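After this come two complexes, each holding subunit A, first together with subunit B and then together with subunit C.
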Partner chain A sequence: MIKIKNFSYAPGEHEAEAASNSYLMSLIAIIVGLPLPIVNLIATLIFYLGNRKSTYFVRWHCTQALLAQLSMLFINSYTFWWTISIIFKGEPITSNYIAFLIVVIIFNLTEFITTIYTAIQTRKGIHVEWWFYGALSNIICKENS
Partner chain B sequence: MDAQKVDMFIMSNGKFFESHHINDIRERLIALDESKWAILSTTQFKDPTTTIIVSLLAGGLGIDRFMIGDTGLGVGKLLTCGGMGIWTIIDWFMIQKATREKNMQKIQQFL
Partner chain C sequence: MVVLWGIIKHYLQRKFMKKIVIQGAIIIIVFFGTWISLTEVDWIKVFEVQKTVNKTEQKLGELFLETFEKTENKNILIVNAIDTIVTHICTENKIDREKIKIHVLNKDEINAFAMPNGHLIVYSGLILSSDIQEELTGVICHEIAHIELNHVMKKLVKEIGLTVLISMATGNDAAEIIKETVKMLSSSAFDRSLEKEADIKAVDYLIRAKVNPEPFANFLYKLSLEDDAKTEYLKWVSNHPASKERAEYIIEHSKNKLIKYEPILSIETWNKLKIELTE
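Coming up: the complex of A and B.
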């Protein structure tokens, strides 16, 4: 799921700090924005835009953090509105809902723990690539852009 | 410029700049004319530590942005109550970098 890889150059102290901050900031935004699932995405997107002229290491990790938050948006929004309809419209709590809720909780917990781990490693200058998101970040984020 | 002078400048002012810019600054300062030293040594740079403290305490009012010279963004932040709180959180993590970049822009006037 998570792979430690060699980056094309050794990132500096402040680069590692900024890259780690992209993950940390998304965590803080999740906590502050609860239960709304959009706040963390907005925060990560603005952080990404603020760092688009930064060095490759920082941009790469901002992209990975953004992609992770983007995938969270869809699954969390669906759960949020399903829950709202149950609470306010009196729709029944079905087995499907419980199953979906368990999947969402596992997905969120995994993402949360992975983000914490990545933030810690990136702060040390270690390049961490996630499954799928890492490959996608490699395609989106180019070194010479 | 004398390498010893430049190293002294880097030692005392290194914290005001991004670590990956330091080497570039050093090389360009060495190539710089000696007459610029007086202006350079008296230039005041913004401290990233001070701005992060201001951002934590008064970030919602945009004071941190005003402090580093981003008046437009400061007004925007003030009028939107720190971007409904989201911008304030982002700036807790971004303001130090923004301060160092502002310092870089300042020193580039001499380089």
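Coming up: the complex of A and C.
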């Protein structure tokens, strides 16, 4: 799921810190923004936009963090509105809902742990590529752009 | 050479894209696969959700009922007569009789409403304003339909929220909220679609119980035409919108049913019931 790969160049201390911060940004936003799933995405997006002219290593990791947050936004938003309809609109609590909630929690936890791990590794200047998101970041983020 | 490099690059890009699509698809499949697999488990039973919901509803019913204790009519003849109507409706419609708890209150307003945990409140004003027993039976069926279709809890959750309801049921001091909630239950209608659903269900109940639904429709017409002086007492009609429209679809739904209708109570019991209430 997570692969440590060689980056095209060895990132400097400042780059490693900035890249690591892109992951930390989403983690802090999760704590602040719960239960609103949009908050972490906005925080990561702002960080991404702020670093879009930064070095390749920083941009790459900002992209990976943003993509991960974006996909989590869909399932978290769906869960959020489903829960709201139960609390305020009287929709029944079904086995389907609880099953969905369990899956969402598993996915969020996986993402949370992976983000912490990646933030630590990136801080050391180690390049970590996630399954699917890493490959997608490689397409979106080009070295010479 | 350049062309060959172009072909190789194109092939690699396509292969790379294919890899991303496959990886993305696997994530989606894992997500939905896990969800579908987990739906096989009866989580409602595992987490005892229904038990908690029932307990909350039971507690709320008791709390709301306390506000009416002083005005409840416990005259055996009256209670038995209304009980006979409810039992007949429940038996003919395979409704659990234990679920419906009927309470007659000494109030002049023409009103009846359902509360959580199957408590059905009927005001004496409603019984007295019914010229024939089928009118009263129709209203009772309408309220039983609200109970059976779980409209009461749906309305409560929508109006005041699940968290407040749980807070009330778990014993937090909320006398004012309880009072306001009871007022809301007794003096405001459900959504239009829920009212129609309850009306149609009520007609089905009446037909199965061999009670003519036409007087129920006529009752709506009659009360909507009452003079202004009485309006303040016409709670059940004033808080249920478009009485004429409702009467029309009740008639429409009940026509062409070739059934021999019979009253539930004898004429003597019905008359006695009204005399007891006027005394």
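In the analysis below, the second predicted complex is superposed on the first by the 145 of 145 C-alpha atoms of A that agree within 3 Å, B and C clash if a C-alpha of one lies under 4 Å from a C-alpha of the other, contacts with A are read in each partner's own complex, and residues count from 1 in each chain.
The working rule: a residue touches a chain if its C-beta (ideal position, glycine included) is under 8 Å from a C-beta of that chain, and two chains touch if they have at least 3 such contacts.
Treat the numbers as computed from the prediction; the structure is a model and nothing was measured.
**Q** After lining both complexes up on subunit A, report clash or fit for subunit B versus subunit C.
**A** Here the two partners, once superposed via subunit A, fit next to each other without clashing.
**Q** Of the partners subunit B and subunit C, which touch A:G50 in the superposed model: first, second, both, neither?
**A** In the superposed model, A:G50 contacts subunit B only, not subunit C.
**Q** If we overlay the two complexes on their shared chain A, which of subunit B and subunit C does A:I28 touch? Say first, second, both or neither.
**A** Touch partner of A:I28: subunit B, not subunit C.
**Q** Report for A:I98: first if it touches subunit B alone, second if subunit C alone, otherwise both or neither.
**A** The second partner, subunit C, only.
**Q** Applying the touch criterion given at the start, work out whether A:I42 contacts subunit B, subunit C, both or neither, answering first, second, both or neither.
**A** A:I42: touches subunit B, not subunit C.
**Q** How wide is the angle at the Cα centre of subunit A, looking out to the Cα centres of subunit B and subunit C, in steps of 10 degrees?
**A** 130
**Q** Compute the least Cα distance separating subunit B from subunit C in the superposition and give it as a whole number of Å.
**A** So the smallest C-alpha to C-alpha spacing between these two chains is 27 Å.
**Q** On subunit A, which stretch or stretches are contacted by subunit B in one complex as well as by subunit C in the other?
**A** Overlap of subunit B and subunit C footprints on subunit A: empty.
**Q** Inside the complex, what are the residues of subunit C that reach subunit A?
**A** Subunit C residues touching subunit A: 16-17, 19-20, 23-24, 26-27, 31, 34-35, 38-39, 41-44, 47, 49, 53, 153-158, 161-163.
**Q** Name, in rising order, each residue of subunit B that touches subunit A in their complex.
**A** Contacts found on subunit B: 18-20, 83, 85-87, 89-90, 92-94, 97-98, 100.
**Q** Using the touch definition up top, name the residues of subunit A that touch subunit B in the complex.
**A** 11-15, 18, 21-22, 24-25, 28-29, 32-33, 39, 42-43, 46-47, 50-51, 54-55
**Q** With touch defined as at the start, can you tell me which subunit A residues reach subunit C in the complex?
**A** 71, 75, 86-90, 93-96, 98-100, 102-103, 106-107, 131-132, 135-136, 138-139
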